[in-house]
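To start, the structure itself, in structure tokens.
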Amino acid sequence: MDYSIEKFLWSLLGLFIVLNWGFLMASTMRRVGARLAGRIGVPMYQPWIDLVKMISLKTYLSHGVMYYIGPVFRLVGGIGMFLFMPILVGSEIWSNYSFSGDLILLLYFQSFGMLGMAMGASDSGSPHAAIGISRGLSQFAAVEVPMTLAVIAIAIQHQTFSFESIMQAQQGGILNWTIFTNPLASIAGMLAMLGAMSHSPFNLVKAPNEIPIGPPTEYHSSFLSVLRTNSAIIHVVEAALFMNLFFGGADTWFMYIIKTFFVYFISVFVGTVFPRFKIEDSVRWFLKWPTLIGIIAVLVAAYW
Amino acid sequence: MEEEKKDKFLAPENEIRQVAAPDGSIIEVNPLEDYFTQDRPKPYKVRKGPVEDFLNWARAESLWVLGFGTGCGSIEIPPLVTPRFDMFRFGIQMRATPRQSNVFVISGYLSVKTLKRAIRAYEQMPSPKYIVGLGSCTINGGMYYDSYNTINRLDHYLPVDAYIAGCMPRPEALLHGFEGLKKIIKAGKGHKANEYIENLDWYKANQKKIIKDWNMPDYNW
Amino acid sequence: MAKSKLFTMNEDRSLYPELDVNGKPIVDLTSHKYVKIWQGPQHPGVTGNMSLELTISGDEIVESKTHVGYLHRAFEKLLERRLFVQCMPTSIRLCVAEPDTNEYVISNAIEELGNIEVPEMAQWLRMLSLEMARLQVLLRQVPGQAGTFALGLGYQWGSYIRDLILDSFEELTGGRVYHMYIIPGGVRGLLPDGFKARLLEKLKLIDEFIPKIDKLIFNNVVFESRARGLAYIPKEWVDEYGIYGPASRGSGVSRDVRKTNPYLKYDQLDFEPFVTTEGDVYARTEVRRADLIMTVDLIRQILDKMPEKGDIKAETPNVLHWKIPKGETYSKCESSRGEYGMYFVTDGSAMPRRVNLKGPSYTHANALLDKLLINANIADTAAIMVSLATCPPEIER
Amino acid sequence: MQKGINNLIEKFGASDLEVRRPGLSFITVENTKAVAAITHLKDIDGYTILSLITAVDWIEDGIMQLTYLLNNPEEIAEIGLRVMLERKEEAGESMETIHHLWPNAKKWQQELKEMFGIDFPTSPGLNDPFILEGWDAAPPYRRDFDTNKYAEETFFPRPGRETHDPAEHMKKNMYPNNPSDYTNKKYNPNR
């Protein structure tokens, strides 16, 4: 791997683009949801204003060291996911710090932020945060199962744990995408994505009219701005992860933006028309159909 | 006499009690002193200049309203998030927790019991924070000027940035009130939270005059 | 009926806390098994300004206690200091979601004790305003039930139509929320020109709205899976706990003041309240959906059958000197939540002696809610409260 | 309806029957027989719904009236049962509890205790705060409690609020020459 300053700066630029795209996507999605309801919705630039405002708040208080570290862990989880995944296929400067086993590291980083948040939120002393985080961790454990099965199926299919190779194998036409070459794994993975994106029906971590508003109940001012930054990054990166695995990756920034938008749009679309599951229903659901499909996908990939 | 009165309204979970520590020793816990900080808040420094102007603009364009319907005016707040009025257009959003909100809309009359909760919620909000008094009841008691359970003047208990008159004000009036609040903030005058802290003793005396069962710390951080 | 099997009374309770003589669980908070949390008053899932003191074990509620009084304005005391005409603007603020029923019950009580006969035209107009009020509440409430499960889209669509109905109210009465259209002796005005046609045009939107929410809410798998079997009310509880309106009709007991004690001109209208026997949240939502359709139909019937012109107000004594002889009465009507009554006592002076309002929430939100919430999931509290349509101002007044 | 009332009069010595309208009557029973009468109405005469319990303070007669409104859904009839208690200066009238008949009754009794100071011994949770919090003045719904005075003393009325007696105000400003015009005039919007 290349550890030069130049490489680092390129990655930083990529992160900057992804962050702003994340904010823009967030406000766009809110506008899309608003249009469904017959409203206009937030201005396009609202997330940036919110960020500036949160940082500009004068008072803040702390609940201890872990309370500080929680959002930082969460942000590290998001940035880590970004850094170890190639952005564009076949591009040297936009390949970030991807290496041959990056897919495994990525699965780890997915849960890293959640664990950090768990520590920070439970230190904040709010019972709603504790309930939210226990829901979040149990749901995440359930989401990980079909997710990992889908990844294993793809890894067996392509005989590699490297993103670059998986993305390269899908180039050269829409029919080479995993969603066509390995539909079972794709279905399991996309269903798991609904859970990973935390949109309704799987947004019970932040369920506003049950436990307002879950883990970040006590977070405010700069702490919240860190969480907001992270959620902007992580939504793009999660979408990019599924884009890379199932939709052939992107070879230009334009394709990157288009594809992440549509992948993210799937979860927003589902969220708009479905109510929220209870946690036991949610866990049961993930361990039923997506897991079954995932197991079949692995068996098919291994023994076909 | 003072002692007796205090005990009468003390909630059971706030009573002084004996607790066994993990090592087996018995310690005495006074929840009001041990579990809550007794620190007094300090006023923040109000700066001037172009940077502050920009920050004020951001504060004005991103008003996060605490979702706490304190009185009957709260019936006109849900329409604000629906197609006809849609306050998201103006950067106004509802938040479920006081920690993340900056604007507290006191929607209508405040009974003494709710005032106690409103004070707690207000003090938990990060500054700069703003209060919008909605309806005549917050101005002078309105319809309920002679009721023994509703306050007459909100500004004796909490610092109010803007009043919206009417019983009840229409959603358009609310939007207009928010526009007015934005003007105040952009002009750099939205620092009533500081005023509250500077005159904390006066406010607390007023609050304690009507909240007889003051079983909480003086300032709810 | 099979769907109600989800709720069984006699499941294995060995893991749960023991019950004391009053049927309340004995909970030892220091055992680290239970957590006490407050839902409300500052909580987005609570209907209005009230709070629930919940003792939870995991996600399950083992004990619940309703706390009210956050909205206590001492109406009943204030009305004792008001002339009969001054009672009107004060009393309509008793329950803000549906103020017209307040207007009607207090006007009716004053007329009954003061021996005033209301002209026929005024009765039809009163009925129109009461049904329009019910319509605007149901337009919020039916999709709002899905909103408690985080499906807010229907609520947005419903609110759009509700705003149009409120526009009609503005045309008719001048007020958006508080109308004061019904006054002792009659109503305040005739229908404006072209009002009928405009209202009928708006009702067509509701006809289109119903199939939409059917698709979005009632046929939604997740909504069904959560609402079916939730907060089951057996038929026997209806009398015992004093359950009224849609909640009782969801449990197979038809209680509708419009049918049992026809007031105004309801005996001239053709309607049959919807009754189902399943008794869960889904059934209550279905009942409200049927009520919505029925209300639209009733408004059409009223507009059709009502006379074109007529007296709208009986002669009343000068309102500043109006004294009503000693007497007491209980005047009631059907609100969107159930029977809404007012106990009214006069003593021969110019002011009422005692007024006591009895809304269905008084019984729904206290004993019944406490009972229904036990063993429920905290995720379902909002749904249960909304399905009972608890309106805290009518509990504490 | 008639059967229930006849029973009340014959078995429980009820008096002062007042038929307000078909289906709603008010009747007075002695306070010692009230709970027995209510139980009889509930168990035998089919008055299974408790619509409300409330009190009326007749301060000039020295009477505290309790009203139990019972509803019979089968016959569509309501009976308002009046129970006259002797009014005490310092609150603390006492009445037997009926919480064993309806689970909701204890909430009404709790409210009556808080608002009127009427005691219902053995009613569960009677002294728990229900609506008021930290209240240390007299029970507020009693007639001798002056809410306006209390509000003026406790809260901070905004200066500038003027209260006019509407009758006096109109006499002075609208009919300065002939006050009797005003008293005789009736309001009729149809005219």
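When the chains are written out, they are named A, B, C and D in that same order, and each has its own residue count from 1.
The definition used in the following text is that contacts are C-beta pairs under 8 Å (C-beta built on N, C-alpha and C of every residue); 3 or more make two chains touch, one makes a residue touch a chain.
These figures come from a predicted structure and were not determined experimentally.
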Looking at CA centres, what chain is most distant from chain A? D
Rounded to the nearest Å, the gap between Cα centres of chain A and chain D is 61
Can you work out the whole-Å distance between the CA centroids of chain C and chain D? 23
From the C-alpha centre of chain A to that of chain C, how far is it in Å? 43
Where the centres are mean C-alpha positions, what is the separation of chain B from chain C, in Å? 30
So which stretches of chain A touch two or more other chains? 37-39, 208, 212
Chain B, residues touching no fewer than two other chains: 67, 82-83, 96, 113, 146-150
Two or more partner chains touched - positions in chain D: 132-133, 140, 145, 147-148
Contacting chain pairs - touch in the sense defined above: A-B, A-C, B-C, B-D, C-D
Within their complex, chain A touches chain B through residues 30, 34, 37-43, 46, 49-50, 52-53, 56-61, 208, 212-213, 216-221, 224
Seen from chain C, its contact residues with chain A in the complex are 35, 37, 43-45, 59, 146-153, 156-157, 160, 216, 220, 222-223, 225-226, 377-382
For the chain C and chain D complex, residues of the former touching the latter: 22, 68-69, 72, 74, 76-78, 80-81, 83, 112, 188-189, 239-242, 255, 260-261, 311-313, 315-321, 327-330, 339, 341, 343, 345, 347, 353-354, 356, 358, 362-363, 366-367, 371, 396
In the complex with chain C, residue positions of chain A that touch it: 36-39, 127-128, 131, 135, 200-201, 203-204, 207-212, 272-281
Please give the residue numbers of chain B that touch chain C in the complex, ascending. 66-72, 74-76, 78-79, 82-84, 94, 96, 98, 109, 111, 113-114, 117, 121, 143-144, 146-150, 167-168, 170
